[in-house]
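What follows is chain A paired twice: with chain B in the first complex and chain C in the second.
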Partner chain A sequence: MNAPANKFAAYICSGCGLGDVLKVAGLEKVAKTEGKMAVIKTHPFLCNAEGVKMIQDDIANDGVTHLCIAACSRRAKTEAFSFPTVAVARANLREGVTWIVAEGADHDEVRQEMAEDYIRMACAEVKKLILPAGNKKESSSKKILVVGGGMSGMTAAQAAADAGYEVVLVEKTGALGGFANQMWKRMPFNAPHAEAQPTGAVELAAQVSANPKIKVYLNSTVAETAGAPGRFAIKIAQESGSISEELCGAIVQASGFSTYDIAKLPELGGGQQNVVDQAGLEALAKAANGGPIKRADGKEVSSVVFVQCAGQRDDSGTHLPYCSGHCCGTSIKQAMYFKDQNPDIDTVVMYDDLRVPGMGEDFYRSAQTKGVIFTKGKASKVTGGDSCNVTFKDLILNEENTIPADLVVLATGQVPNAGVELDEWNATATAADSGDAAAIEKKTALQKISVLNMNYRQGPDLPQLKYGFADSHFICFPYETRRTGIYAAGPMRRPMDMHQATEDAVGATMKAIQAAENASLGRAAHPRAWDLSFPKARLEGCTQCKRCTVECPFGAIDEDEKRFPLFNEERCRRCGTCMGACPVRVISFENYSCDSVGMQVKAVNVPDEEDEKPRILILACENDAYPALDMAGMQRLTYSAFVRVIPVRCLGSVNTVWITDALGAGYDGVMMMGCQKGDNYQCHFVKGSEMAYYRLSKIGDTLKGMGLEPERMQTYEIAITDAARVAKLINEYVEQLNEMGPSPMKGFG
Partner chain B sequence: MTASIATNQTILVVGGGIAGMTAALEAAECGKQVILVEKSPTLGGRTSMLYRYFPKMCFPTCGLEINLRRLRGNPNVRVMSMTEVAAVTGSRGDYNVTLKVQPRFINENCTACGDCGKAVSAEVPNVANYGLDKIKAAYLPHGMAYPQRYVIDPSIVGTPDGEAAKAACKFDAVDLGMQEETIEIKAGSVVWATGWRPYDANKIQPYGYDRYANVITSLEFERLCDPQGPTGGKVLRPSDGKEAKNIAFIQCAGSRDENHLRHCSRICCMATLKQTQYVREAAGEDAKSTVYYIDIRVIDRLEDFYQNVQKDPNVSFVKSKVARIALNEENNSPILHGVDTEGYHRYATEHDLVVLAVGMEPEVVGVQLPEDIVLDSSNFIEGSKSGGMFGAGSAASPLDVNRAVQSATAAAMRSVQVIHKTASTEAA
Partner chain C sequence: MTTANETAVAKYRNNFLKEVEATVEEGHWVKMCMQCGVCAGSCPFGPHWEHSPQKIFMMIRAGKRDEVLKSDSMWMCTSCYNCMVRCPRELPITHIMHGLANYAYRLGLSPKGQPNQAIAKLFWDSALKYGRVNELKFSLAMYFRDGFVQGVKNALAMQSVGLGLMKAGRLNPMEIISGHTCKDTSGIHKMIAKAREIEDRRRGLA
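Then we have the complex of A and B:
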């Protein structure tokens, strides 16, 4: 079947005052003679039902396949101008021209030139757009792999099964239940938040084991994770040595935590007799089974001190720097174990800040009612033995003090089991590949720690955020990981109690089933879930430089056996970082490519030197800088009409050829506007803006070679709130360029 | 956004703040049909009224932009603004919902060009700034408002101002005859993401919020520090417009107190630590923040933020529940009285401005929860007896943004389970 011929149409809106301050006839002429549009129509109110119907009719009856809509910003009237069966480019004449160019006849000429350029750019862009057809996969798996059979993992498995999904659950030990199996009781999940509750782990394990949708592998680990969302090929190593294979659509990793080793806390009595951690106390309570809690030596405990933050919140660099969140509540619960059995037992909780947020306050009150004593103090020394002593500074009385106790409980923290740290892995793997014997040994050791054993080029586990937790860096998107289709849940994501962990597992399962569904439809995952495009590479032009495989923030690109990049489209988030990285420009998306932007850069009419009208190209991150520019327009701030703005998916997608082409064609300057980088980065493609800055730091030599000042290319960190600042920065830069004088490249372009 | 007809396989999400938007989007991106109702004219909720988030000090509107883009690109979600749920009957998998839609007096023809706003002279309190300043009575709620459509305040309907707005509109978007509408829909599951509100500071009488101009709430302080706020980002004293440099933060204002809110509101410690950094941003080395607290509750890696603030020589911490606030009549500065429990010293300390870190309680204005809903001792939503309705975000617990989104994602999952069961029962 022959594809229908492309037919290009431009629709120009003269509403919202556009027709009052722009010469619409001039715009039409540009669209026709330079934009080569086959259909050109102007409407006084393009976004209303009649205007939209006009466009729809042209698509249905007149064979229009590509639209250039010259009206408001692409962020406005998005629903009205949604034509899913054709390719659409938007020329921003309202927020981008009439609302930001100073009013008055003095500015008529530059305003008109700006609008005409945006028409040229949109016409140039739309010719390079292909409507993505998507890549539906009938064979795609929607089965959910859950790694870890503790409370989080069991909850995730049950949640997926309850929504109709098949589940494979892999647990390394011989039983489901995880840490909960070691616990006597848990903190309450519901009102009245007054009493410790049974954990429910046994019942949940029975439910999960009996569920026909859930296949449980005990005594098993994940030996290899290959593939991508919708087609994860999982090798499961069983105790017998046999390997099972499962095809899965998405993964919930709930690999739990370990307790911080109390042997590392000798000053607090770690390792001494009758000094235990919270897990140790759970074991004693479980053994007591509701009767008097006895020490290891069999003596009934009549006094107990809980030392909070043991080896936690430590700023010396020796122990855990963070707060594990659950330990105050856990100690309260454990103090109740004693008080509930015998109210005469002395229970002291020694704390710095008592952290029981939310309804934990009621649990705290309940403990106070039961007679648990809370002392604000900092323990400096604990001695174990038959009679333990806790030496501490009483922070209320401001004095040193000592209390004796039969038993001391150290509230140590949670250490995540998130797998290997990737920087360490990659350094080790590189050294091992070059034959370093120690590195080879270390690599083998690391492989044992790995949870997922992914065969991805960028390493075997989820990237970790901080302190070993595989948490998201984003406030608004707590489940974002940098490996598409793999979601972290429970205390390996961030330290948490059981209630939070089970909630967390339910949310992570939502993300996992969503990833499996979208992979089957050929759609991207967050944040571009609607996007059906995926990167395509002309491998015949590839020089195997590996920049795309290294720079992809999501580990989407591996290498094939001939060392060419191997794109796993289901892992891809469509940020375009690979496209920006490619020095030979062989990577493109159907709806976003070196050409679709490059042709816009070239379409701009660059005036001659004597016109004294500089041209500045702005490449703006579409999520933050571009909205800031729009909001400058909405607030009717003014900025120079000499700039031409092109929104980009991420600064990481910027290919330096756009910059050198622009400067080569006589543009006087280029402004790159991306998100904040560094530790508190705000880039939603993680490394995009960082990569862009790195690449651009190397462009100076190229500019020098062209005989250009390095100041002709500037980078800016722009936040979405920077409407006023962005207008000011533009005006200042135009001023700076005016002082520098016109680009020496003018006339050579 | 399509005008999809709701069925018993539709998920209704009540509340268009970050939790509601998240619940709606997560379910919709999984292929489910969702109706998202929001009582105010715009989505975004209280997070869009925050200046920055902790701990990254990034801007809430950045995530809002992403969520709005997800929404615009998703035909599975239908957004209804100015809409409240009046009643829910039925049971899990088969709810009948009555929606009440308030008149916006602006129809979908609106292009947000702003001509009506220019034509109107009356002003109304600006909700986006907690009423600290005024806005034209024909207005766009804020720069990120969605739907991107103006609103006409009912107070000018039937006045010459209303007519002026109508006359100014070139697109016939002003419809002053709009009436409240009642709509009945079906839904299989309901997510209540109705959010929170600040505890009424007037009820904490010893702090004199109702009497002293220079005692404000943490929410108001958020607006004062925001360049988009009423003072353009300057921390000015309400009494005299002078720059405030010596600022007190009182923690647990209403929280952890059986006379007020019995729960801990969780977010206030980090919010205050964040706000001490606003003070530094606004007034530099001259700034001085004093935090009066019972316990500093910052959990997990947020501890890093606390440790950094502790190193800031311009921020000090006093472990004390402030007993009362008096006024220095000469300069209108509040004087804090209490006992520092670390060492038991009495103090009477004067500050330029006092910020009450007010607690979170469940929003009740415009929220009529069905009888089926199960509440905890502070009226947060635990779930429903019939098992088809769920709380999400700060309607379910006092949560920070990150945890509210986590909670909303879990609520979406539970609704998807209900829809799955409804669908498979019907197919059987």
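Then we have the complex of A and C:
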């Protein structure tokens, strides 16, 4: 953008009643004298065709390059006010002022002051904006790498190929099919959900192998993942020792699960003769091939007990704490293997809570019809041997009981194969770097577990959310991981059955395709998928403190050989956490920077002490808190006209300089509004709000140094539904500040 | 000579659920219970049963033959049908309860002296004999069930009700002598005997 050619214009809307309650002439005057806008126009209905045409004409004929639109919230009328060739700042006069300031002439003065401040802020912001040029990459790869050739992986590969994308499928064993190859049958996917079905793994494997768009590497592992979405450089280590290289656009990791080790359950007969896990029973059923199922010693099974939740849902800390979700359905299916072959075989499923998600209830009913007996009980002891005995507590009859059985099946859970746990990795790698021999050995062992072997600064695999599963936020962003362009599918994301895994695979593939396409357009991934800006660093000012590289929630920043941050823009989600982290403020986006916000903070007219009009700065996360504030306006709730709201991309992008600047300029308080943090986080950038809270917890000393009470800076967790709560919080805080009295910094700013 | 009970035990050995399926009215539904407990929570007599339907079903599956058949729980059912309309699996619970009671009675295992059982027996005896229930004889049989003295006391206690019914023409004291029956009593007797024969053959109780 050529600086001298910049031409700034302000457009003020007087529609939606703005002109009735605001003095538009006053707003125009502010835009002219203080905002220094070259063009100032007022329109009674700015978002209608005529108003928009007026702006378009000015852009086309008058050389306007920067717009300040003073109308409704930036979240409203986005289509009408979409001017992709110029930089735009929006002053929120409707949801932010006229809808939330109390009605009546008593409030005319503060309402007008609030509106004028928003004009000042938008004019200040627009001067610091540069229209992002974007970074289109013609050479960007759209090939999809699928890691894992089980049901999830094969389904993902097939889905991507069906959508017209080239696929590279890497499978570590010598055959496609994964766990399904060990299975006799699967649970039904379709109505009437009554009978076990052939797995279909062999057919799918044949389809995938024959598909010209899918290149299958068997007996291979991913030796290195480098690069970023659109340019992942994958090294594939083959059995022969040779390394193939593939350039991929996005990755679907479908590395599956392992069964929980039955030997860890000696009290339930683990390790004993005639006590098997579900995988063991599949093997027996496969060997029987539809005939009578025989035990390892060759005896036909005439009675079998399935013990559910074996080594699962354990609150003692010894075994898996979670429910693997599929095992009830799997035991039902396996009980049917017996009943279908011979209805006289006694089959008992011993459960605590029978959990059959989806249409599994029909499958459960079908097994009952076949005569499978379901006993609500908790097994405490299983003896193996020629006739096994299951000792259990009957939870309905409330008594101890024992059932004899030829065979006992333990429903153990799924353990994710998600790769290396990053905290463990980083601790080991640091110790290994300092020369610790044991650590070096452990690091080598960990490298073997690693699935992706990423060369990212933050570690070789996907971050794990809970219990070793590589999930991100399973409700808001399924398949998303905390590594851009890498999507998780199947039981390595969360425990699941085969039907869920195949659905998962298709979902993850669609996300992967989207990521590869966005990367080629130079756009961010979810949730700012339209965003063309990316962080730029003034490296000559960088002190190599590494905060940005450590704090980036998505591992987008590596270090170059001189130990400066190396931004991988395709990995970036544009949350700005790096910008908030930087103590020397050298990181910025073209359309979002320390200056673009800082100048807004400074543009506000802070009244003197004797005016008794406090000023409170609100930095509100654009994902949840800002919409909640808008909704407060839509619901015509009222809150104090003394606040000035600035939307931020994420609380993680808040640089503490904004807060110290504001308080130094005489603001009486600062409210920070972000998403819920912690284990049940709702932050759209995973760690952004957490980082912000962490940083701000240390700001108290700075405030004390300025002679200010720490209460002048407050943080809040706001959900998008909190419209009423946010209005209440504002009013309470204003009340609290009134009691504290004006900021002692007033008049020094 | 073996009793019906010994025959049933021998035939089904330890598999009480199969026995119930084959011999108890609607017994094939027992395996479909999913142990949610809605029946137990819905029963207005809940606190007065030893075993709720939920527990009865679980006991059947657990093979507790004697405990189930000797239980007086199913005799406590008043046929309000609350459990049945609420059962999410749509089990005909009321019918199963009566079926179990009937089966236990036929095997001679039902608890002796259970009052509901005694009433049921008097009711059916009357119905089978006359082809309809003779209300006067049924009532008197109930009053005198525990002996003559107690019968007189019972009758006197109900005196006003009886007189009221007579005045209203709802009770004819002459019924005690002959009582009206259905048109073809012996035909009814044959029909019932045949039905019982068929059913008993099916249930293995012949």
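Just so we're on the same page, the second predicted complex is superposed on the first by the 744 of 749 C-alpha atoms of A that agree within 3 Å, B and C clash if a C-alpha of one lies under 4 Å from a C-alpha of the other, contacts with A are read in each partner's own complex, and residues count from 1 in each chain.
We take it that a residue touches a chain if its C-beta (ideal position, glycine included) is under 8 Å from a C-beta of that chain, and two chains touch if they have at least 3 such contacts.
Quick caveat: nothing in here was measured; it's all calculated off a predicted structure.
Student: Given the alignment on chain A, is it a clash or a fit between chain B and chain C?
Tutor: Once chain A is superposed (C-alpha atoms), there is a clash between chain B and chain C.
Student: Contact-wise, after the overlay, does A:396 reach chain B, chain C, both or neither (first, second, both, neither)?
Tutor: Both chain B and chain C are touched by A:396.
Student: What is the contact status of A:354 with respect to chain B (first) and chain C (second): first, second, both, or neither?
Tutor: both
Student: Please indicate which partner A:680 is in contact with in the superposed arrangement: first for chain B, second for chain C, both, or neither.
Tutor: Touch status of A:680: first partner only.
Student: Is chain A touched at more residues by chain B or by chain C?
Tutor: Answer, by number of touched residues of chain A: B.
Student: Which partner does A:638 reach: the first (chain B), the second (chain C), both, or neither?
Tutor: A:638 sits against neither chain B nor chain C.
Student: Looking at the overlay, what does A:192 touch: chain B (first), chain C (second), both, or neither?
Tutor: Touch partner of A:192: chain B, not chain C.
Student: Given the touch rule stated above, what does A:48 touch, chain B (first), chain C (second), both, or neither?
Tutor: first
Student: Which of the two partners, first being chain B and second being chain C, lies in contact with A:72: first, second, both, or neither?
Tutor: A:72: touches chain B, not chain C.
Student: For A:714 in the superposed arrangement: first (chain B), second (chain C), both or neither?
Tutor: Neither partner.
Student: Kindly classify A:362 by the partners it touches after superposition: chain B alone (first), chain C alone (second), both, or neither?
Tutor: first
Student: Quick check on my understanding: which residues of chain A belong to both its chain B contact set and its chain C contact set?
Tutor: Dual-contact residues (chain A): 354, 365, 376, 396.
Student: Chain A touches which residues of chain B in the complex?
Tutor: 1, 18, 26-27, 29-31, 53, 56-67, 69-70, 72-74, 109, 111-113, 140, 143-144, 148, 170-171, 227-228, 256, 262-266, 295-304, 307, 319, 341-344, 375-378, 380, 382, 397-399, 401-403, 405-407, 409-410, 412-414, 416-417, 420-421, 424
Student: In the complex, go through chain A and note every residue touching chain B.
Tutor: 15-17, 45, 47-48, 72, 76-79, 82, 159, 162-164, 190-193, 313, 315, 321-325, 351, 353-362, 365, 376, 395-396, 398, 466-467, 469, 471, 473-479, 494-496, 503-504, 506-511, 513-514, 517-518, 526-527, 529-530, 623-624, 627, 631, 634-635, 675-676, 680, 682, 684, 719-721, 723-724
Student: Where on chain A does chain C make contact in their complex?
Tutor: 346, 354, 364-365, 368-369, 371, 373-376, 394, 396-397, 401
Student: Quick one: in the complex, what on chain C touches chain A?
Tutor: Interface residues on chain C, with respect to chain A: 15, 17, 31-32, 34-35, 54-55, 58-59, 61-62, 89.
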